[in-house]
Amino acid sequence: MPASCLKSDILSHKEIFSGVYQMTCRFPGPKAPGQFFMVRGWQGYPLLSRPISVNDADEDTVTFVYEVRGQGTQLLSALRPGESVELTGPVGSGFPVEKLSGRVAVVAGGIGIAPLLYAAKSMKGCEAELFCGFRGKSYLVEAFAPYVSAVHVASDSGAEGHHGFVTDLLDAADFDAVITCGPEIMMKKVARACREAGVLCYVSMERHMACGIGACLGCTCKTLHGAKCVCKDGPVFLGEDVMIDA
Amino acid sequence: MPASCLKSDILSHKEIFSGVYQMTCRFPGPKAPGQFFMVRGWQGYPLLSRPISVNDADEDTVTFVYEVRGQGTQLLSALRPGESVELTGPVGSGFPVEKLSGRVAVVAGGIGIAPLLYAAKSMKGCEAELFCGFRGKSYLVEAFAPYVSAVHVASDSGAEGHHGFVTDLLDAADFDAVITCGPEIMMKKVARACREAGVLCYVSMERHMACGIGACLGCTCKTLHGAKCVCKDGPVFLGEDVMIDA
Amino acid sequence: MLETVIHGVTFKNPVIAASGTFGFGHEFSQFYDLSRLGGISSKGLTLEERFGNSGERLYETESGLINSIGLQNPGVDAFIRDELPYMESLGTVILANLGGGTLDAYLQGVEKLNGTSVDIIELNISCPNVKAGGMAFGIKSDVAYEVVREVRAVCKKPLMVKLSPNAENIVEMAARCEEAGADSISLVNTFKAMAIDIHKKKPVFDNIFAGLSGPAIKNIALRMVYEVSSAVQVPVIGMGGISRWEDAVEFIMAGASAVQVGTANFVRPTVCLEIIEGLEKFMVENSFQTIAEMVGIAHNNA
Amino acid sequence: MLETVIHGVTFKNPVIAASGTFGFGHEFSQFYDLSRLGGISSKGLTLEERFGNSGERLYETESGLINSIGLQNPGVDAFIRDELPYMESLGTVILANLGGGTLDAYLQGVEKLNGTSVDIIELNISCPNVKAGGMAFGIKSDVAYEVVREVRAVCKKPLMVKLSPNAENIVEMAARCEEAGADSISLVNTFKAMAIDIHKKKPVFDNIFAGLSGPAIKNIALRMVYEVSSAVQVPVIGMGGISRWEDAVEFIMAGASAVQVGTANFVRPTVCLEIIEGLEKFMVENSFQTIAEMVGIAHNNA
C-alpha cells in the first residue's frame, strides 16, 4: 500500500459538532484502519502539512474527522466541497485488525474517536464495545452503532453519561483485546490496566510531525525496542511497548 | 479624515470579470477619491497587507475592485460575504476633485480604472470623458455612465474598441485637466502629452508598500520636490512633479 | 504590574516601538493613544540629513520583510527642532536611535542629543563604517568596543547599544559593549539578506544586500537574546519578529527586560497595544506580579 | 540542458536532495522515480550509531522548522552495508554526508567511505566539537581549516565541505576551506535558533538550541551563497529554504552550480521533481542553453 501525494477533491465537508468537522475526499486505493494522511489545505503557510487519521474509507474516498486546534485545522475548516486539498498517504502502520478476535474494547478519548470508527468497522468476527470520553457532549458515537454491541459514554463535565473518566468504565479483564486512541495520559491508564489483566492492547500515538513518512526522524517515541518513528513504525503500537513508564 | 484599523464585514463580493473582483465592506466614515486601504484577508501569511484603492464609497461602506495577481489577492478572492477583512485606512491623498473644472479626461489603464470611478463620481460641475485601455475585453466601464459624457475604449488585442494604446485616443489639448491611473509607462505618456499641451494632470502612482501610512519610508518616488512617500504624500501627484524623465 | 525600570528609566510597560518602523509617532497616533506604549525609539538619526537608498526599498519574503531604506532621516538637528517636541508630548519614554558613518559623526550626534529631553540614546552600530570599507561597526567586537567607549565618554544619557545579528560573535560583542560602558543592550537589528529578480537576472536592491526583519527571524533573534542575557549583567532589550503577545513573553522569558516591536507595526498599526494587553492577561492568569519575575525564567528551567 | 558537472562528477540536473531530509531515499521512492534527481545527500552519518536527541525534536515557526534530531543515524559501517547498495541502485549521484564529534572520527569515517561507491563526501562541519566544549567545527575558520586539511589528506573522493551559517565569517570560512583543499563548498546548514514554551516556562528543546531551516532562512542563505561564490574558485552548492523552482533559479543566479532542497521535501514529497521541471521550463523560456550560463549571472548585472 504505497503512499501517494495527490491533489484531492473535497466531496463533502460539514461541522458535525461544535469545532469538529467531517470531510470526505476523493482518494483512490486501499487504506488500512489506523493509517493517516498528511493533509494540506493551503499554499505556503503554515509550512508543514497536518497529520489526520482515516476516519472512514472506501475504494475511492477517504473521510476525516478533525477538531479545529490551530491555524492549520482552521484553514482546513474553511474549505468547501469542490475545492481541493493536498493529501500524502495513506501512511503509517494501522491497527492489526486481523489479529483481533473475541471481545474487543474500543476506547476513545475526545477526538481520538476519529480513527477508531474505521477500525471498528474493519474488525471481522469480533464482538466490540465502545468506551468513549468527552469534555462535554459526545459526537460521532452513533456512527459506531453497526459495529459495536454496546456504547459507554463518559464526560468530564457530566454533560453526558458517566461523570468522570472513560477509564472508570472499562474493566480490561472483560475483553480479549483493547484498542485505544486519545490523550496519552488516558492511553497510559488503559495500557496499564491491560497489562495487569494480561490483555492485548494497541494504542495510537501522537507526535509533532514534519514529513509523516519516516524521513525526518522528528516524531520518535521511546519503545522497548528502541526509538521508533510514530509516523512510519506507528502510529499504532503495542501498549506494552510504548507505555513503558505506565 | 484620520485612518482607522478595523475588522470589517464583507457585504458583497463577486467576480465582475475574469480574475477581477468587486468587494463591498462595511466601513463607516468619509473616504476621498484616490485614497486607498491596506487590506488584509488572512492571518499571518503573506506578511504584509495589500494596498487597494477606493472604487466607490458611501458613509457606511467602501467598495474595492481588484485583480488577482498573487497570493494576497488570491486569498482575498476566496472570502465570502459574511466573512471579514481587516482594513487600515482610508489613507493617502486623493485626487483633488475640488480643483477640477471644465472638461476632464479620465484615463485608465487596466485595473487602474478602479479608483477612477469614485473620482469621476466625485467631480462636481465638470464634463468628464472616460478613456480606458484593456488587455482584451473591458470591465467596469458601464459604471461610469452617470458621470461621463463619452467613453473611449482601446484594447491591446483589438478585442474591443481601438486596437492599440488608449493614449492614441487622447488629445490632451481638448481638456482642461486629466486624471490618470494605470501602468507607469502609460501614465508617463499621458503626463508628457499634458505637459506639452499645458494641461493640468494628476497621476496615481504605485509602489511596493509595507505600512501604507508613511512610517516605513519604503514606497518613495522621486519628485521635483525630493523623494516623497507614495502612500502618504500620494498616491496622487501632479504629473509634472513625478514623471520627471517623461 | 507591567511597569519596568531599566537603568533608572521607568517604562509603563515593556513594549517599545522599534526604530525605523514607527517614524516619530505621528502616523500611529491616529490609531491609538501613544501614551499607552512603554516607549518609542525614533527613526534612526544621523548627524546630517539622509535621503536614503535609490531603487527598490522593500521586498517581501516568506514571513519576512527585506528593507533597503538607507537611514533616510532629517538629521539630528531637525529631529531636535521639529520632531522631539511632539514626541516629548506623548507621555512615553523616548529613545533617540542614533546611527553614523564615522566615530566622529556618532560623537557629534550624541553631544547634540545630550542637551535634549530624550530619555535614552539607542546607539545603532549596524551602520556601515565609512572608513573601514563599509563594514558595519557592529561586526567585529573590537571595533564596536572602541565606538561604545568613546561614545560613553561623552554621553550624558543612559546608553543602550543596539547589536547587529550579523556580528561575528554576538555574545562576545555584547560583553565587549558592556565592558565599554553600555547601560543596556538591545538586539537584534536586521539580518543581512538579499533577493534576486530572476526575470531581470539581477539583485532586487541597488545595494545588493539589505536587512531582513519580521517573523522569519524570530527564533534566531530569540536564541541571541537568550545567549546574550546570560553573558551580560546590564539589561537586555529583545526584538526580532515579535508580532504577538506570545512572542513578547518568549523574549522576556529568554532574558529580555523589555521588547521592541518593529515590522509588526506595518502589519497592523495597533499591534503594540494588543501585545501589551495580551501580556497583562498572561501575567494575571499565571500569577506573575511583576515583569521582573518573568525575565529570564526559561534559563532557570532549562 | 540541465546537466551539470561538478569536480568531475556529472549530475543529470542541479537539484540534490539535502542531507537529513531524504533519509536514504526509500521513503521517497514510493512517490517518484529517484533517478530523476540530480543527486541525493545521505542522512548525516557518524562513525558510530547515534540515537539522536531526547525530548521534542520538531518545532514549527513562521515559515520555518526547527529540528533537534541530533544526527540519529545507523553509523558509517551500517550505512555501507545496509543502505548504500540500495542508494547505488538509484541511478543518481550519491553524496555521503559525514559528521563527527572529533577530528579522528571524521578521519575514520572518510577512510571507510573511501572504499565505497559513493560519488562525493559531503563533510558536515556544523557538528559540535567534543573537545572544544561543544562549539561546532564550523564556527571559527581556523578550526574548520584544520579539519578540512586533515580530511583532505586521507580522502580519496571529491570533498564537498558543508558550511554552517553560524560561522563567524562565512566568506573567510569558505576561503579557508578552499585553501585547505575542499573541492566544493555547500551552504547553508541550519541556523542556531530556539523556542520557549511559555506555559512550561522553559525551552522547547532539551538541548535548548536547535537548527532552523525552511523558507524563513531563504534570503539570508541566498546572501551567503552570493558572497561566498565570489570569494572562492571551487563550485558552490546552495541551499536554505528552497521550495519552488524560482528559489532554485535565485540560488543559481547568485552563484550556485547546484542546489540542495531540504525541508521542502517534508512539505510535498514530490517537490524536487517540480523544481527540476520548473527549472527546465524557465531555461527554455529564457533561452539558457546550459546551467553554467545562469550560474552567478546576478553578479554581472549587480
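All chains are identified by letter, namely A, B, C and D, in their written order; residue positions are counted from 1 within each chain.
Rule of thumb we're sticking to: contacts are C-beta pairs under 8 Å (C-beta built on N, C-alpha and C of every residue); 3 or more make two chains touch, one makes a residue touch a chain.
Values in this document were obtained by computation on a predicted structure and should not be read as measured data.
Once chain D is left out, the chains joined by touching do not break up and remain one piece.
The chain with its CA mean position farthest from that of chain A is B.
Averaging Cα coordinates per chain places chain B and chain C 36 Å apart.
Averaging Cα coordinates per chain places chain A and chain B 52 Å apart.
Averaged Cα coordinates give chain B a centre that lies 47 Å from the centre of chain D. Those residues of chain B in touch with two or more other chains are numbered 44-46. The multi-chain contact residues of chain C, meaning those touching 2 or more other chains, are 59, 61-64, 215.
Interface residues of chain D facing chain C in the complex, by the touch rule stated above, are 59, 61-64, 66, 168-169, 191-196, 198, 200-203, 208-209, 212, 215-220, 222-223, 226, 241, 246, 249-250, 253-254, 282, 297-298, 301-302.
Per the touch definition, chain C reaches chain B in the complex via residues 20-23, 26-28, 30-31, 43, 51-52, 56-65, 67, 69, 72, 214-215, 263, 265-270.
Contact residues of chain B toward chain A in the complex are 43-46, 71. On the chain A side of its complex with chain D, the touching residues are 2-5, 40, 44-49, 86, 88, 208-220, 226-227, 232.
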